[in-house]
Amino acid sequence: MDPTSAWGMVWRGIAALITLAIFSFLWRDNPVYKFIERLWVGVVTGYWTMLLYYTSFTDKVRVPIFEEGQWWYIFPSLLGVLMWFRLSKKYGYVSRYALAFYIGISTGVFIPLTIKTSILYQVQGTIRAIDPTWTGIMFGIAFLGILCSLSYFFFSKEHTGVLGVSSKIGIYTLMIGFGAGFGLTVMGRVALLVQRVIFLRDYGIDLLGGGL
Amino acid sequence: MAWYDRLLAVDRRWIYLILAVAVVIPAIWTMHIPVSLSSEVENVFERVSGIQDGKIMFLAIDYDPSTMAELSPMAEAILRQVFRQNGRVVLSSLSQFGPAMTDEIMTRIAGEMGKVSGEDYVFLGYKPYPAITILAMGTDFRVPFPTDYYGDRVDDHPMMAGVHNFDDVEFVLSLAGGNAADMWIVYGNAKYGVPLALGVTGVMATDYYPYLQSGQLFGLLPGIKGAAEYEQLNESPGDGLRGIPYQTTSHAVVLVFIVLTNIAFFAKRSAQRKHGMQAGLS
Amino acid sequence: MKRQLPIILVFICGITMVIQFFVPHEYSEDLFQYANDFVIVIGILALPVGIYSLMTQTVRKARREPKERLYSLATIAGFLVMIIAGSRREWFTGATSLSSNMFNYVLVPAQATLFSMLAFYIASAAYRAFRARTLLAALLLLTAFVVMLRMIPLPEPLSTWNNDVVRWILEVPNMAAKRAIIIGVGLGAVTYSIKIVLGIERSYMGGD
Amino acid sequence: MGRTILFLLLATLTLLLLPGGARSAPEPPARLTARDNPNDSGHGILLEWEAPAGAESILAYEVFRLPWRPESEGPPHAPDTPDSVWIQVGTVPQVEDQRSLEYVDEDDERMLGTAVNQHFVPRNGSVYYRVRSLATDGTRSAFCPIVSGTAIGNWFHTQRVNALVIAIILGALMVYFIRKSAGGIKLYIRPIPGLAHIDEAVGRATEMGRPILFVLGTGTAGDIATLAAYTILARVARITAEYQTPVLVPVNDPVMMLMAQGTVKEAYLEAGRPDLYRPENIFYISAMQFPYVAAVNGLMLREKCATNFYMGVFHAESLLLAEAGSTTGAIQISGTDQVSQIPFFVAATDFTLIGEELYAASAYLSQDPKLIGPLKAQDFVKAAILLIALLGVLEATLLSSQWVRSLIEAH
């Protein structure tokens, strides 16, 4: 759509109104914000429903069962239907069978995969030689930081003695890390805000410049 | 209510308002704010400044449209500078979706500055397998690229006479949005000893500083800040520097907030201590 | 039985999927795909329950308070319009259809605006929280301060010093903290998962 | 395919282009072998060969194979098939003075759209290979003798033993410590600041006569951090049942909603107040992150929640929720496993469970030996990991070897 055509201006106007309405929440909660919030929830639910229908539902339920005759896809669908029984007072318990599959499979997949990516990979990455160079020494300090930070997460031992010292250094290291994370994020968020401001500015220019 | 109490309990809407002003003003009116310079960017600038009067540098455009916002300002600034100095440049692309984008940038800038393919620049094009391509270019650019992106024989280009491999260019600068950067370090720098600098996205930057320390890279352009610094050194404001003013003002506002809130906090604490001491004495 | 069977099912599914990871054979890959589809399909088919929940709460609010009626109407109308606008595939995917206009001019700007509000919230959070009450709070605020300072043009040699310090923070303590958290989280989550598979932890399952 | 043709074309062009004269072709690679690629599904063959004499002038090796064809198109190609049928599948660079080289030919797709995939490696079927050298001056060697290999599906991934060992040790230690603590031996758990304040935070809401908000994050019901949040929700719900304070749980996933209703109902039952349970207080809003946050922010302000909990998986919404929540003066307790969001929770909420603390919460809250035992086991494994890392670094520094590191190599 041509953004300066009549319809383009109308749609962009709607977008501009929504932008201003959401920003108005910064001032205070107000009826306009509330209206947009509720409308948004309705619209997004409708969109999401149709999106799931055309993608996952079509690929995993409709096509395999009804078009390709892959009868074994009936089982996950049946379990999915069991979830609806949660709404019934009497038969609510049957939804637990579906939940059991859902949780059992998710956690079972998760266990070895997390050992691989969060433990093995990460520990592997920390094993390096500490050479007598600037980089080497910095790595040595970082390594010490990792050991101390991890020692902060010992739960079953009182943090006294050596563990007390290391966990203290650990929490200091964690705090420095958090501060850095906070400071680094400002840039990206401001960039997003500027995009909204520029969107409003351009729409304003087109509107005043006789776009309509 | 003491001044510090009022400051500590200030309505947050004042904070929103001040930040909004700090962002909106530079976003609507163009203004120029200098960025602080870092040595890794200055090093790249100095080396590129040396590409004068017929000298040749190698520019590897190894990113694709997904990281264009951060890396294209660097490519543009560097190409303009080299052409202004009458330097020449050999380009390649190791990213599958990079060549069309490279061609667009190259043709546009060459058109603006009246530069000619084959005399002032040669765009070799794209080849898969980055490691092999870099290794092969180390022997002769013609091994992986007998013809350039436009299908012309490399040997037919006057500027390529006597230019065979990395020994014949001053240095390599790779603008990379992915692992091509590592390939250049391992195969280009470690195997052939090519002087190498990288331009990378802001997120990637921390991974490459150690190579700067170890001397494997002579320079690094980190993300949009690197692009802005470069444009400032080059005195040619572009998308990099345009993104800076509102970043500077908004960061400054947040920093001032932090200072103010701490001044008020300590003022209150010392007042309380004094008060506590007097209470204790009496 | 009502309580035991689900726990046994969790155990069987969990152990099967753990073993699957160590079996590279093609049959095992097919099993993984099939099991994964269970999670996806159960997830999709639960959506009607979600919509039912949303609609009943919307209607309930409207019934209870007349002032709420307009807002409730907005939710219901928005939902129905999107369902009708997307009821045909070509309407749903068409470049200038109502469905894609709603997506581009309602959903996208709304999302981008809420996301951009973080800029304000970051500023107010900094004002409120970055007070040097304790040593830990001081470290947090000082690091954030120094990192943000890199966007401010400083006179030499301050700017070089600041650049070096920021780089050091990112490469040394920041890297150490991130890695330690990832390892800790990984280990904690694996232990928690084993507790679920073994049926020790079952608060998620709830009552009848 | 296109790439292969391009490469061949290019190679021919290169040959034509290079100045003529005395050029000796390089030696072909030596001792080529082909065997099943270990630890895969059965569609990969591992080729190994040695660099010939004069390897310094070799740029790379070109690997060729006979294409696959389905039975309907005829029997598999025999090794005496003419040169034109052979296809190039890969190029392996000769790096530095590397002596032994390898290439894995892997492809498990029979068809690419409607076309037969010639690169397919059949399970339990033979494929023929030959390799030649490409010199830095563009000349090529003759092919080395043809070899064949057969891919089979493997039943155990030998390189993943380390992960299996960790899982088994962790599981065994858990069982051991559960038994030990069930036998009456008291195990210590260090206090976790955020958790110690849960009761107080709930009490405050009661005094003010306002509801409590519990946000389970924007993950899915399959995320472990979300599941861990249910333990805390169960605890909070039990206290609120005693105090008769409503707890509002808006969720962004229907499965999570059903689970949360079950958890809260159970908690009210345990507290002896099933009559107070209101299923409508646990409701679905939207599966999408931002409209969900917009609605929760509105809810916090309109319902004037006195205490907000944020537990589970959080993304950019962490600060959106925490800042909006702080405007109402609510006490806020947060916990997430997401490294990038912890800083915002630490800054904007009153108490934060940092990463692993979220998982330890269940043990801390219940003081049940069955849940404390695993925590002890977890600490043991953590200590072992620290030790391995330390030994690995010492070994790398003092002996310049990588044995310890190779033990924990992830595959």
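Lettered A, B, C and D in written order, each chain numbered from 1.
We adopt the following convention: a residue touches a chain if its C-beta (ideal position, glycine included) is under 8 Å from a C-beta of that chain, and two chains touch if they have at least 3 such contacts.
Given the structure is predicted, the values throughout are model-derived calculations rather than measurements.
The set of chains touching chain A and also touching chain B is given as C, D. On a Cα centroid basis, the chain most remote from chain D in this structure is B. Looking at which two chains touch through the most C-beta pairs, you get A-C. Chain geometry summary: the mean Cα position of chain C and that of chain D are 16 Å apart. Chain A and chain C have CA centres that are 3 Å apart.
Rounded to whole angstrom units, the spacing between the C-alpha centres of chain B and chain C is 31. Contact with two or more other chains is made by residues 22, 25-26, 34, 38, 40-41, 44-45, 48, 83, 86, 96, 99, 102-103, 105-107, 110-112, 115, 117, 119, 123, 126, 138, 143, 146, 150, 153, 174-175, 177-179, 181-182, 185-187, 190, 193 of chain A.
Chain contacts: chain C has residues 18, 21-22, 39, 42-43, 46-49, 51, 54, 110, 114-115, 117-120, 122, 124, 126, 128, 130, 140-141, 144-145, 148, 151, 170-171, 175, 178, 181-185, 187-190, 193-194, 196, 204-205, 208 touching two or more partner chains. Taken residue by residue, chain D touches two or more other chains at 160, 163-164, 167, 221-222, 224, 227, 254-255, 258-259, 261-262, 285-288, 291, 294, 324, 339, 342-344, 346-347, 354-356, 360, 375, 378, 382, 385, whereas all remaining positions touch fewer. Chain contact topology: the protein chains form a complete graph, every chain touching every other one.
For chain D in complex with chain B, the residues that touch the partner chain are 3, 10, 13-14, 17-18, 59-60, 91, 93, 95-96, 136-138, 327. Per the touch definition, chain B reaches chain D in the complex via residues 12, 128-129, 131-132, 135-136, 139, 142-144, 146-147, 153, 155, 187, 191.
Taken in their complex, chain C has these residues touching chain A: 2, 5-7, 9-18, 20-22, 32, 34-49, 51-52, 54, 58, 70-72, 74-83, 85-87, 89, 92-93, 96, 99, 101-110, 112-120, 122, 126, 135-136, 139-148, 151, 168-190, 193-194, 196-197, 204-205, 208.
The part of chain C that touches chain B in the complex is made up of residues 119-120, 122-124, 126-128, 130-133, 141, 144-145, 148-154, 159-160, 162-163, 167, 170-171, 175. Contacts from chain D toward chain C in the complex involve residues 39-43, 108, 123, 153-157, 160, 163-164, 167, 170-171, 174, 178, 220-222, 224-225, 227-228, 230-231, 233-234, 253-255, 257-259, 261-266, 269, 280, 283-288, 290-291, 293-294, 316, 319-320, 322-324, 326, 337, 339, 342-344, 346-348, 354-356, 358-360, 362, 370-371, 374-375, 377-378, 381-382, 385.
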